[in-house]
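Paired with subunit B in one complex and with subunit C in the other, subunit A is shared by the two complexes that follow.
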Partner chain A sequence: MKAHPAWRDAVIAAIAVIVVLAIPLFHRSPAFEDFVIRLSAMALFATSLNLLVGNTGMVSFGHGMFYGLGAYAFALTMQMTDLSLPVAAVLAVLFTTFAALCVGAICVRLSTDYFAFITLAVQMLFFSIIISWQSLTGGDQGLRGGIPRREIFGFELASQLHLYQFCTVVAVLGLLALRHITTSPFGQTLRMIRDNENRVSFLGVVLWQARLRAFTIAGAFAGLGGVLAALFVSGAYPELADWPNSGQAIFAVMLGGINSFLGPVLGAMILLALNDVVTRFTEYYGLVLGIVILAFAVGLRRGVLDFLRLAWPGRAR
Partner chain B sequence: MTTTRKPGLSRRSTLALMGAGAATFAAPWVARADANILRIGMQSILSGPIALLGNSSRNALMMEQDRINAAGGFLGRQIEFLFRDSKGQPQESARIARELVNSSGCELLVDSEASSGAFAVQEVIRDLGNVVCIHTNSETSALTADPKIRAPTAFRVARQGVHDAVAGSIYLADFSKARKLNKWATCSPDYAYGRDTTAQYLQFLKQFNPDIEVVTDAWPKLGQPDFTEVITKLIQAKPQALFTLLYAGDLSAFVNQANVYALFSQMTVATPNVDYPVMAAIKNLPAGIQSATRYLETFPDTPANKEWGEAYHKRWNERPTTWSWQCTVAMQFYEAGIKKANTLEAKALSAALTGLKINTPFGADGTITMRDDHTTINYAIGWGQTTPKEPFMVDIKPADWGKIIELETEWKKQQKYI
Partner chain C sequence: MDLTALGVCLTTSACVVTQATSGLIVGMLLFLVAAGVTLIFGVLKIVNFAHGTFYMLGGYVAYTTLNVTDSYALAVLSGTLATALFGVLFERFLISRVYGSNVLMQLLVCYAVVLIFDDVVKIVWGPEFHAMGMPPAFQVPPLFIAGGVVPPFYIALIGITALIAIVLSLGLSMTRIGKTVRAAAINPQMVSALGVNTTLLFAIVFAVGGGLAGLAGALAAPVRSLSPGMGFSVLIESFIVTVIGGMGSIAGALVAALLIGLVRGFGTIGFPQFTDGLIYIMMIIILLLRPQGLFGRRS
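The block that comes next holds the complex of A and B.
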């Protein structure tokens, strides 16, 4: 991968924010705005997972737990305290980061297959806690009563437009930070670990430390995605932390392309659009999704962006 | 590595992709094309093991669509339902509710979700603030009883856990006193509905018959295929009676398997959840199960109720469920409310619905009222015992609504809702 100047990524991110924020000035579409809000959460979730899968070669089946944890931590903080929304969001992300550090400390030393299994096992444990701890989490019914959306600098997040603007800015900043991490020397180290961990080890890199750092960072950004998801549904539900949700992120990564930074974002976009369109016409969403994934796997043999990069080398990234 | 086939997109593939993309994003606006049709969004669980109940909601609403359109529609506009499957996932329920209003142009909502989905939809309705929604299936009392959760434009037309618990406990306390059944066991699904409602029943049951003691309890998982372990545990504890909140496929599977162990000859069984599809799925429905009426053509025993049940059976070749009549009553409330308010505007329509009393075949006395706390009262509840053949339930005793409301008020005070 060629090195990209940070300013170039920042300019692209700024243009993306301006374009997305400008759209409602010309045409208000609540459907489009809802789509962008959900995409913001899913894009952060899937891209953070790709930091592990695509960059480090660590396939985590339990990434959904951090997404769910971010949502619960944020929603509970907002419900139980009078803290402002940004403070609650930061606390939720910090809490998720700490949880990822603890889980990672147990998991990252294991080899690929066992790492995948143990992340799934920890997620199931976490999911069981959510279901069982009814007095705190609401159990299988989820956190009820909604999230109070306290105003931030004149921003009222109960308004769809303000939520759209907030989620767009947070998601783009989050993606920019992840982009910076992947192109940094630390990101290069992660890719070296993915390609040949023995060689990296001989170079003096402590493998478990680098992996743990990647796992913690990925957990933090998944938590940030969970905060946005909680704002959208105005609550937190156990399904956000369940293993099928981790599967959704893996699908997004595989559909979009694991070797392209924006691959998971595109994959999330495809998955959400598919869900929205298919569920209007049939109850056999799972069947259609299976066929689409099969078509991508057999037809393209890689994610869409990876395919396009091969088709037009030097253009798409 | 060599590549035998050069990867790339043909012109045909590019056009197909562009066409698919255009169709994806055009769909919502195409759906809005005919502005004179009044679209009503309906969401429920239409796939998976609970789909049977979701489909019975959809069936009832399709009958209502035909009836209302034949009578001229709402405010002179023909109505059309848009059905969506939430797959029983709350976050999907929230998304669908927003999608139905924001992009599919629905002006009214019928939320036929189970409880967890209904709570998610409730928050969306509160956020949107510009649409009226009637929840038709959630029985969890807090949805409307808790003033913090109640939403200004959301209503519930459904049985309520606390109403059922009072009615059932009074009946079962009298029944257990008469038969001297003091040793009870419970067997309910291991999630919030099962645990909370069982506790609610036991609280009232012990209040009415303090001699009752629970000798064992079992908490099978939702959708558990094999109940052997549960059944043997119950039989070994030798209770005189069993109370169960298993429902739908779980209840029929439990009864079928318990028949093999002759459980029904060793204890009296009581459940509020015997519905027509459950009875149809049980190979040999044991006589003498003490049960609430979910939906029965013979209760209330009126020509209007029988006519509706038969019409449903004739059209869908299956019997209705409790979710079916609740959806029907929701549409009857919309019909009466819109007529009274003469508008679909959320605030005005909500004001018209609040306190509204309608005539309906499913009322205890031929009427059901939408109380000020946005939930229905006076719907038909009764308890009787099963028989293996039609009418499947006999000796039905109607519940006393005066007593239900008195004890519900006490319960609300305990919960600090009032």
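The block that comes next holds the complex of A and C.
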């Protein structure tokens, strides 16, 4: 893999932010702004999962837990304390990071299949705790009552445009940080672990430590995505931490391309766009989505960006 | 949490009998589904995430057959055969294309099938819940065993599933095809080199696995309601069973399924809100202490 100068990524990120922020100046479309807000949360969620799946070769079925945890931690902090939004968001992400560290400490020593199953089990345990701890979480109704005091540095996030700008900036900064981690020596180590864990181990890398670090970082960024999701729905729902949601992230990763950094973002875009377009025409969303997924899985046999990279080697990033 | 209620239940024979039979039902049905999952995994090393769909289709086909023919035996038979056929088609046209590729690619194909057939069921049978109702032969007053109420259908159900468990394990250990299947689980290349048609073998394994899930769906239809998406929870539970019992082990699947059934049966009294949680905790503990499962071989 070529070395990617950090400044090049930063320039691309800056251009992306400017373009996305400029769009509402020319054309206001609530549906589009909604789409970008949801995409920002899901892009962080899916890209953080790909740090595990594509980069390290750790297939986690329970990543939704940290997405849900970030959302609940943030929404509860906002509802129960007088802390300002940035402080609450940072606390929520820190809390999620700590939770990911604890869950990871239990899970990362297991080999591939068992790792997938234990992450699923831990997530489902977390989900049943949300459902049964009604006094705190509101049970299966979700956390209602909204998120109060949604302003940050004079921005009123209850306004859709401001939320749009806020989510765009946070998501792009988050993706940039993840990109930096992926291209760092630590990121290279993770890819080496994926390709041949025995040799990496001979080189003196402590496998479980590196894996635990990756798991914790991925959990942290999923938590950040959860914070954005909580802002969007103004609350938190158990579905955010349920296993179909983890499945969505896996599909985003697989559809977009597991070996390309922006693959999961593209995959998230495809899934969200499909959802928006198809539900407008038919109630049988699953039927259409299933056929599209089958076409990708059986036809391309890899994600879109990975496919493009194979078709035009050297061109796509 | 209500430990006193659990204590009271455990000391009353009526309550023990009622909860144990309902736990056994849950466990035995779960075993039929999980046996297919573990068989398919054992031989093909494919985690069949679409197995819940087989269960659902079995239930719906049986429902329609019963409405048309009024015969529950025919309904069960048609549900089983239809899903066995579905299993073969699924293996031939979809799964065989992703053999040897990434596990996530297999997951993707299976999940697509789940999505498609949940909607197909909605189109054919409608999105509402259906109740099959007790088959006429079993519309008789319940039995009383040690003070506990036990519907006769429950006894028939436990009997049939126990019989299947015996046939399955005997079939795997005594018959030629069963031995080939077990050999293929250990070394498919060698089996293929010895002249066994593994393509056919894999299709048979999917037919048996799918048929068992369809049978479970047909048998469960009178005691549970039918709805699109009903395969979801069964799928998760059958995975838990497979993991606890040991991937690839039929005996392990039986023990784990009964264990989960009993935890469900008695858990609803002691921890009505947290029965699912109990089962996940069980799975986590097993994975930590004995990742290969109770009866699994260490790889």
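The working rule: the second predicted complex is superposed on the first by the 315 of 317 C-alpha atoms of A that agree within 3 Å, B and C clash if a C-alpha of one lies under 4 Å from a C-alpha of the other, contacts with A are read in each partner's own complex, and residues count from 1 in each chain.
Criterion: a residue touches a chain if its C-beta (ideal position, glycine included) is under 8 Å from a C-beta of that chain, and two chains touch if they have at least 3 such contacts.
Everything quoted here is computed from the prediction, not taken from an experiment.
Residue contacts after overlaying the shared chain place A:I131 against subunit B and subunit C alike.
When the two complexes are overlaid on their common chain A, residue A:T279 makes contact with subunit B while staying clear of subunit C.
By the document's definition of touching, neither partner reaches A:M192: not subunit B, not subunit C.
Of the two partner chains placed by the overlay, neither subunit B nor subunit C lies in contact with A:I152.
Contacts of A:L161 after superposition on the shared chain: neither subunit B nor subunit C is touched.
Once the two complexes are laid over each other on the shared chain, residue contacts for A:V233 go to subunit B alone; subunit C is not touched. In the superposition on chain A, A:I258 makes contact with subunit C only, not with subunit B.
Shared interface residues of subunit A (contacting subunit B in one complex, subunit C in the other): 131, 284-286. Remark: subunit B residues 7-9, 23-24, 27-28, 31, 46-47, 51, 82, 84-85, 87, 89-91, 94-96, 98-99, 101-104, 115-116, 119-120, 123-124, 126-127, 140, 142, 146, 148-149, 191-192, 195 touch subunit A in the complex.
Considering their complex, residues 29-31, 33-34, 38, 131, 134, 138-142, 144-146, 158, 160, 229, 232-235, 237, 239-240, 273, 276-277, 279-280, 283-286, 300, 307-308, 310-312 of subunit A touch subunit B.
Of all residues in subunit C, those touching subunit A in their complex are 47, 94, 97-98, 101-105, 107-109, 111-116, 118-120, 122-123, 236, 239-240, 243, 247, 273-274, 276-277, 280-281, 283-284, 287-288, 291. Across the complex, subunit A meets subunit C through its residues 53, 59, 106, 110-114, 116-118, 120-122, 124-125, 128-129, 131-132, 243, 247, 250-251, 253-254, 258, 284-287, 289-291, 293-294, 296-298, 301-302.
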